[in-house]
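A short worksheet on the structure shown next.
Chains here go by letter, A, B, C, D and E, matching the order in which they are written, and residues are numbered from 1 within each.
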């Protein structure tokens, strides 16, 4: 689906033009146009990207093929920007959608394969606001990326909650269930999140440094603001990741702790019952001449010896912390 | 609450002006003003930050929204600085409060949501000193940040003490209590402390390098001094952190050491009682024809065999270090 | 085997020239030549590299001796480029083949010891296309390296599949087989892949930055595209590598988990049978005077005591999670 | 205690001047003075640092307050340098003493809280040599720091010996004593040593690069020589540190090795005695009708069965490497 | 021992001059001289380094004192270069010998304490070749360092073989011997090798960048070639080192795997013999009234119960993978 928006003096003056009209608007100095390609057909791609705007074939290739690497490429008359929106639901888990932007002096072309909340929010703002919306496509691009980054926060919160559940499970003494699979998966999610945020931040940082004449100086503080937001997200993700690694280390050592408890218990059992086992075994011997067996108080002596030894052993074990 | 202080030739000449007066003082070349906003209402924020000083909307947004990332932003006529004060009490644990500064050629505006010891100390110095206090707002800013950083030291000491307790507990042989939760928490505190100190140090380093015309060359050594203090704190925190990781590693291996001791004890017990158990079991057999049982000295032979084997086994175990 | 291709105005106009003709074409401004040396004899090497093109002896040495380090060396009139093609089959495993390029203003010389798919693909394109193929040897070089990098992808996929098998085996509860050898080997493959991709990327990055006058500005976006592809491959390899290390850690701790389960089972067995063993041993004693033995219900009391103790012990173990 | 030395044309011409004389010497172009403050009183500090030389208050503050961070600060007319001497004795362990230097064009002021061997060596050289000693204070400063760094070597050797003892203890099979405390302490010493040497090296490197006009070009190779010595010390310390970490890893796994040996022994004991225990227990049963017991050769059959099973079990265990 | 070689127009024209002659040759523009000091006496050192060439005292000190740190120092009229040759034999292990070079416009002075294969090879080339050998001392220096680096390769191969033996031993299931000492030693060798190669590479890289006018542009590709060789060696050493660390990790976990096997075997033994032990113990009781004992088929019931329980237990263990 293709939508287009035409602005004059910062105000929306037209929508959803025909190809021919788009070409005229492009030629007109002073008119600004935003074209959004939402999962377009191959013909639409060809008509808009090649036909109307005549972008570089490599930029078009990068645009239509999915890529996990955000980047910004400077093609003299326009910037080609690859960013990623992220969605996260407990059931469907982590998913990222590419959003590509061609940012020129008087046009913005956006491209995505799935409907994006951030694009919809921008369309709403553009269509529902009155008064000045954007005097340049750089303003539109900033707004889009701002919405997009705002949508990172809930993902981070969700991952943070999963981390907390893992930490609780790891610290729980009686937790014997196997949540190693979940640790591995959350670790993968964090590493994917960071691999999206880090280059995104570098990208925005390059835009914010004012190297490109396609972004007006006036807008640089706004791009620095985006970079700060990304820095904050990256920071949180890094600290979550560190906590996850620690939980993983503790998890790996859980078995050793359980073994230790098992061995202590086994050792204590063996030690405490040892006197009874030894005495019972010894006086079970069938020698014809075994004076203790014939002695009238033999049994009571044996019983006493057993009890005393068992008590002494218990005291020793208690002192040595065996139970 | 809003307080304001007006200086002329470095001396305090007025306090707590009305909005209208603030605006006049701002226009007057030669008068210097410090406005402190301590948990201000939304109207006060609007009146001062937007109305009187007309700061950039993004700076105002960064100021009023809480952020964990220290930074300095250069808006031509003023610097916008985000710093963090830290408080730490064993009961309430680690807490950081944001202190934002707008530093201009002839004004300083500070903003915080909670009362800060460092701000109060600065107000005390300003109101109780006589003679020259500050010939420029950069001097005031330095004083504030100096107080703020001085307050980091007790936090570090407190964390250092917690670390020592953990180290002692880890090294104690009989410590069976579960202090893993405490390790995790102290580790988190250290990582929060370092995540505040590191960017703070970069920030102060940028100010100390003399890039901004809003800080007079005269004051650069003072900002370098702040940077040194932060470097020292970061250094200590890093070495504490390393010790903590080592304690964590030792803790994780405690279970293995305890298992080892348990196994040694169990093995020794089993080995030492083996002769008695074997002899007792063997001569407990009920075969009608078992010559040893009928022999008049059979029992004494068995007893002797048991004692000799047990003694030999004990010597062997002693030599092999089994107990 | 030596093949050569002559282009004029971007179109193929001749093939497989004699040495003498090659020298003439080299002298002719406007004619472009690509010479491919596929496992050439020493005489062919001497004739072409030393005789016709008179390359620097060090470049020739680097060309003919195998090397695992990609690099680009600038010899004023030509670039000497060392790249590596990789092949991977489950049976023959990982193998890399060096492809060396001498890239001049009007010539491209390629050198390899084994037939390469990427070179064959380029020859096919050159011979089967009609119309403009390449107006410069930089275009030919780009095409070759592009094919070569395209061939990295299947290797990565194959390694990814091996990694998944390892992960499954590591997570499987009952997997007792020793696949440590496979982990070590895959780890080695990843490290070899990364040691090829990383310098390759730096190399292409240097070419893409436009430092050399031998690559026309027109082609720079194409070399940046290659660099992006390599970055993507490196990225995937890094994340696979991280997963592998995690699987390795889990594998190393498998033994501890199995020990833990063994100890739990052993402890439970010992504890549950303890009452029967103790009672059986005790009342197996042969004292003449042992009242319980003579009592008519002695056996039933003993039986009851055993059953009750066993049940209590089972409940205790259940509660303590011992089985 | 304050000592001072006056040089003219590189020769010592006076000692221990009064304050008034010091001021005159300072004003005299051509006379060079070295003032050493060895644990001075507050009055002496004030008189010399503030009174005679009028150093910047921040430099004085840094000088008198102890600091663990070496640094060099450029105050136009003089350099302020913070270095650290180290002493190490097995009984008193690691201790560092701060040595501060103010290096001007014609003066050197040194400050330390404890007597320093390096300062004493320099005083000896200055007072006992005849002929030219130092034509500039930079020569004196170099000599002092050279002596100071020479004194690092014995500390490193001592730590190296402690490391070797730890390594031997870790590798010894029968070492059961708990030397973990010693490991932690030596690790702390290494980390303190490195935290002193690393910034010291950066400091000397900055001086050696010739950025300051207070160090004559003639002396730069001498400062590079100091930097080399520090690099060598840092290198050794780093390699010692790596060995220490490895010893620590081995130590942590010692328990696992001992457990393994214990379990092997226990398993072997249990397995070898199993036949005797089973036969003994089984034929200890009291069934009235148990044909084996009545058989005249029953006991010998049982004995034979036990011996044969025990031998077979021993062979099996031997083959499986259980003892 | 001192040897000297004089070249004119790249050809050897004289050998082993007297001191006086050396001085004359030095003064003569156009004559090039190489002086090799092979473990010289103190007098020879003084005569040549101080007397004839008048090198800087610090360079001479660095030359005569052994040092483990390669470096290059620029003393205007000459470069002072410290390199290291390495030898490795399985019996004598790793040893490095320092080779120092003073490289001037028309002289090369080399210094070493032990005879070096690389120096001997260079002498052979110089004395046995006919025709042009070296038109400058930079050519001689390159040749020497080239030979020296060529001798690194066998060391690397030897270490690689030791690593493979360690890997095999680590992976062998039945390897119980203690080769931890060997791991530690090989790890030390690798770390020594890398600590020599890394700074050597930086050193050669600095020479290859053409910063010094003492190395002619013509020779730069030759020094880049040396740098490539060192990079290759460093690369291999790094990958060997990584494999060694992995082997070390596996070694450390061997004990845990052996414990696991021991525990499984012990648990299986205990479980399988449990029915016989329990039944044997129970019916060994001596109660007067125990109906089972009197029953005529009691023994056969007991035997059957034991066999059935043992079989069931075996099946259970098999299913749970206990043996």
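What we mean here is this: a residue touches a chain if its C-beta (ideal position, glycine included) is under 8 Å from a C-beta of that chain, and two chains touch if they have at least 3 such contacts.
Going by UniProt, the chains are A, B, C, D, E = Magnesium transport protein CorA.
Just so it is clear, the structure is predicted and the values come from calculations on it, not from any experiment.
The chains that touch chain A as well as chain D are B.
Centroids built from CA atoms put chain E at 26 Å from chain D. One simple way to say how far apart two chains are is to compare their mean CA positions; for chain B and chain C this gives 41 Å. Those residues of chain A in touch with two or more other chains are numbered 253, 256, 259, 263, 266, 270, 277, 281, 283-286, 290. Here the chains link up into one ring; start at chain B, go to chain D, and the full order comes out as B, D, E, C, A. Partner chain E is touched in their complex by these residues of chain D: 167, 171, 173, 221-222, 224-225, 228, 231-232, 235, 239, 242-243, 246, 249-250, 253, 256-257, 259-260, 263-264, 266-267, 270-271, 274, 277-278, 281-282, 284-290, 321-322. Every residue of chain C that touches chain E in the complex is listed here, in rising order: 56, 58, 61-62, 67-69, 71, 73, 75, 174, 176, 178, 180-181, 184, 187-188, 191, 195, 248, 252-253, 255-256, 258-259, 262-263, 265-266, 269-270, 273, 276-277, 279-281, 283-286, 290, 292-294, 296-299, 302.
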